[in-house]
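What follows is chain A paired twice: with chain B in the first complex and chain C in the second.
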Partner chain A sequence: MENLIEKLKNIFEIKDAVIQRPDLCFATAKKEQTISLITHLRDYEGFSHFVLLSVVDWIEDKQFQLTYFLNNPTQKYDVAIRCIIDREEATMTSAHHLWKQIATYQRELKEMYGIEFPGSPRLNESFILEGWDNIPPMRRDFDTKKYAEETFFPRERPATNDPAEYMKSKLYPDE
Partner chain B sequence: MSFFKIETDRSKYPQRDAEGKMQIDLDSGKYVKLWQGPNHPGVTGNMSIELTLAGDEIVEAKTHVGYLHRGFEKLIERRLFIQGMQTSIRMCVAEPDSNEYVYCACVEELSGIEIPEMAKWIRTLILEMARLQALLRVVPGQGGTFALGVGVQWGVYMRELILDRFEELTGARIYHMFMTPGGVRGLLPEGFKKRMEENLKEIDRFIDRIDNLMYNNAVFKKRSIDVAVIPPSWIDKYGIVGPVARSAGFKRDVRKDYPYLAYDQLDFEPKVMNHSDIYNRSRTRWHDLITTVDLIRQIMAKMPEKGVFKAETPNVLHWQIPRGETYVRSEASRGEYGLYMVTDGSDKPRRINLRGPSYNNAIAVLEDLLVGANIADVAAIMVSLQTCPPEIER
Partner chain C sequence: MSEENKINKFENPLYAKREVTGPDGEVFTVDPIKDYFSDARPKVHEPNSIPVIENFLNWARSESLWVLGFGTGCGSIEIPPLITPRFDAFRFGVQMRPTPRQSNVFIISGYLSIKTLKRAIRSYEQMQNPKYVLALGSCTINGGMYFDSYNTINRLDQYMPVDVYIAGCMPRPEALLAGFNKLKEFIKAGKGEKANDYARNFDWYKANQKKIIKDWNMPDYNW
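Take a look at the complex of A and B:
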């Protein structure tokens, strides 16, 4: 794993490499080099299986972290490439040409986080939500409770316990 | 001879343009739009497929999901780590124990907790029991898509036997939550192994009967052999995993490739075939059924009788995990099932993201596999991919 990171460092600008487990490492690439890097990993390093494309909303830093998980089925280890993009103008180069399922991930991320992937097929077709006119709901600043209270009529609910208080009384009665 | 003849002269059918998009003029009167689902006995849960037909041949298919989106990933971002358990397991109804495992394993890895040996064995047993009950539904379910309902009825009964054992062990039939960050909630009850063995003997007989009922059945074979073939080149291109990949000749099994829990102490070999049509995909799962029954027997024979089953964990109400991220995978009955968890030093996860095999199978694979198929085969093709909509729209 260390060898691979060193090898990649000679070609790409990589930082914050973390070997999480012997079979999993994370590394951050520059935005403009990310797609070249994962293409290189696919074509030259045997990472033929694309596992997952995910995003983390670091709202306090005004950043999105895109994470591309790639798996090498022969060597049996994973590399996760992080890519930091600006949260206010969230746009990333599309990778749909590399693996078929990436178009679906990008369509979901457009809907749930508002990240643009220009050129990605069916990007603007609704994926899960239909007729959504609010901010993308998976963003940290979208308040599900407030939205539900404003959107749906108030309903009588049976009396409930505060989960934290209830658990505390059951699990740690002396605390 | 095939029951359904596919027209070989393609000149009358819509052609693909330079970008590979199908050119379909709905006003020409040659095509019919048909929605299969969300309320249709032939769809595997709450999803629908928008089909464009020329005669009874499919020329375009689009998967639509969104009928059961519950926002679990978003909800868990607002829950304590311990509270995330009961939400995370509901992301997959068919086999919730894989969710339990990957969620617990992520929390433990990021907290630096090592679980006791006893907990590893009990978790392995639970995961195999979960695989068994899922396969008892899907293996005869493949026959059900060809109106062979007898096997489905048998399978429902056999599955109930395993749910009885789950109820005995955990107190619940579907959502067990017997795993907990740090280990499991208890040991096996007195006499559990004996009762499980009695159930397994019944299931052995069921497996033999299913072999005769389905795989030696002329109608089943005619409807499934050489239908919806997935070429080997699709496996990596579409991210296909599990039994679908194994039926195409790819030996992909997380239990073997990335041994977790007690799998490295078990003796088994996943079945690999070399032609991924409906028949072989179903046959691979039938072989998985045999492997799983054998694994449960091995686990019960090899696991220790007693021992510590849960490691020390912090106070669950104040459990904070330092900033970090990880991805943990397991092998569900459908294939690689993983969870990406990001923590930020607080008492709640910053982000969790589930990776289920259906995400690829039900959209990218299914949409392309259905083109050229017959309308009568849609349900069978879906079941052969074992699509599970809840894990698409978490």
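Take a look at the complex of A and C:
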């Protein structure tokens, strides 16, 4: 694993390489180099299996963190490549040409976070939310409880007691 | 961005209104959504005015409950044990059918996302009268653990009439059987008139449904 990171550091700019487990490491790449780094890992380092593409919404830092998770089935270890993109103009280079299933992940990220992947097939087709007209719901500035209360018909909930306080008042009414 | 990305799969050009030239040169308009489906309003089926006949009909209705095989949410996993030998719903005269046209009981088995609600409404409207709805689990009552979700409804009875609620998360197949028995009691007592309620309050139900289903690309009512 250390060898791999040293090898990659010679070719790409990699920050914050963390070896989480003997068979798992995380590394942050520059936005422009991420796709070529993944291509390199696939073609030369044997990471032939694409596990997942996920995103973290760092709303305080005004950025999204994309994580490309790759697996090497022969050596049995994983590499996760992180990539920071701007939150306001969330656009990332599409990677659907490397693995077909990335197109589906990108479609989901477009719908749930509003991240653009220009050129990705069927990107603007609705995935789960048909006819959604609000800001993407998984963004952290979307208030899901408020939206649910305004859109659906919430039933009034019965009053609840704090169990500790309630039992105290029942058992020791004088105290 | 390529042109292919902009096409919505559900807005198929085959369903668009267009002009077609017949084999003898005659030009006529085709509007598949209108032509293939009827959007006539549902009708109220008044109960028989003779009580003895109505009671007999209700008894007959209560003994032939055909369930639509439509699973929504996690409750659909309770249906296979229900209809197989362990709980054997068939001894109560309850059996499954694959299509809405052949069934008259709709089990909403758990949470309904808006996308599923759209399909559930279409299936409900395609079912034959008299039809009944069994709502399973706390999600259909008040949203359950999804009460603050942006994508699942809170109360089912705002969108389609519900005959029997079965509380629990998830209710066991025994609870479902109890629900079926309750439904039979209701039907025998002449209370299974929720399909008529739907026809009477059709505009109210449609307004609620259209409030959350933003891309209404289907007929208003398809029987």
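What we mean here is this: the second predicted complex is superposed on the first by the 156 of 175 C-alpha atoms of A that agree within 3 Å, B and C clash if a C-alpha of one lies under 4 Å from a C-alpha of the other, contacts with A are read in each partner's own complex, and residues count from 1 in each chain.
Heads up, the rule we're going with is that contacts are C-beta pairs under 8 Å (C-beta built on N, C-alpha and C of every residue); 3 or more make two chains touch, one makes a residue touch a chain.
Nothing here was measured: the structure is a model prediction, and the numbers come from that model.
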| item | value |
| --- | --- |
| First, second, both or neither for A:151, with chain B first and chain C second | second |
| Touching partner for A:12 - first (chain B), second (chain C), both, neither | neither |
| Which superposed partner A:132 touches (first chain B, second chain C, both, neither) | second |
| Winner by number of chain A residues touched, once chain B and chain C are compared | B |
| Partner chain(s) touched by A:51 [first = chain B, second = chain C, both, neither] | first |
| Partner chain in contact with A:20 - chain B first, chain C second, else both or neither | first |
| Residues of chain A that lie at the interface with chain B and also at the interface with chain C | 126, 128-130, 137, 142, 144 |
| Residue ranges of chain A in contact with chain C within the complex | 118-126, 128-133, 137, 142, 144-145, 147-149, 151-155, 157 |
| Chain B-facing residues of chain A, complex | 20-21, 23-24, 26, 48-52, 54-57, 67, 69, 73, 76, 78, 80, 99-101, 103-104, 126-130, 137-138, 140, 142, 144, 163-164, 167-168, 171-172, 175 |
| Residue ranges of chain C in contact with chain A within the complex | 1-2, 4-6, 8-10, 113-115, 118, 141-143, 147-151, 153-155, 158, 208, 211-215 |
| Of chain B, residues touching chain A in the complex | 65-66, 69, 71, 73-75, 77-78, 80, 82-83, 109, 236-239, 241, 250, 252, 257-258, 315-317, 324-327, 329, 336, 338, 340, 342, 350-351, 353, 355, 359-360, 363-365, 368, 393 |
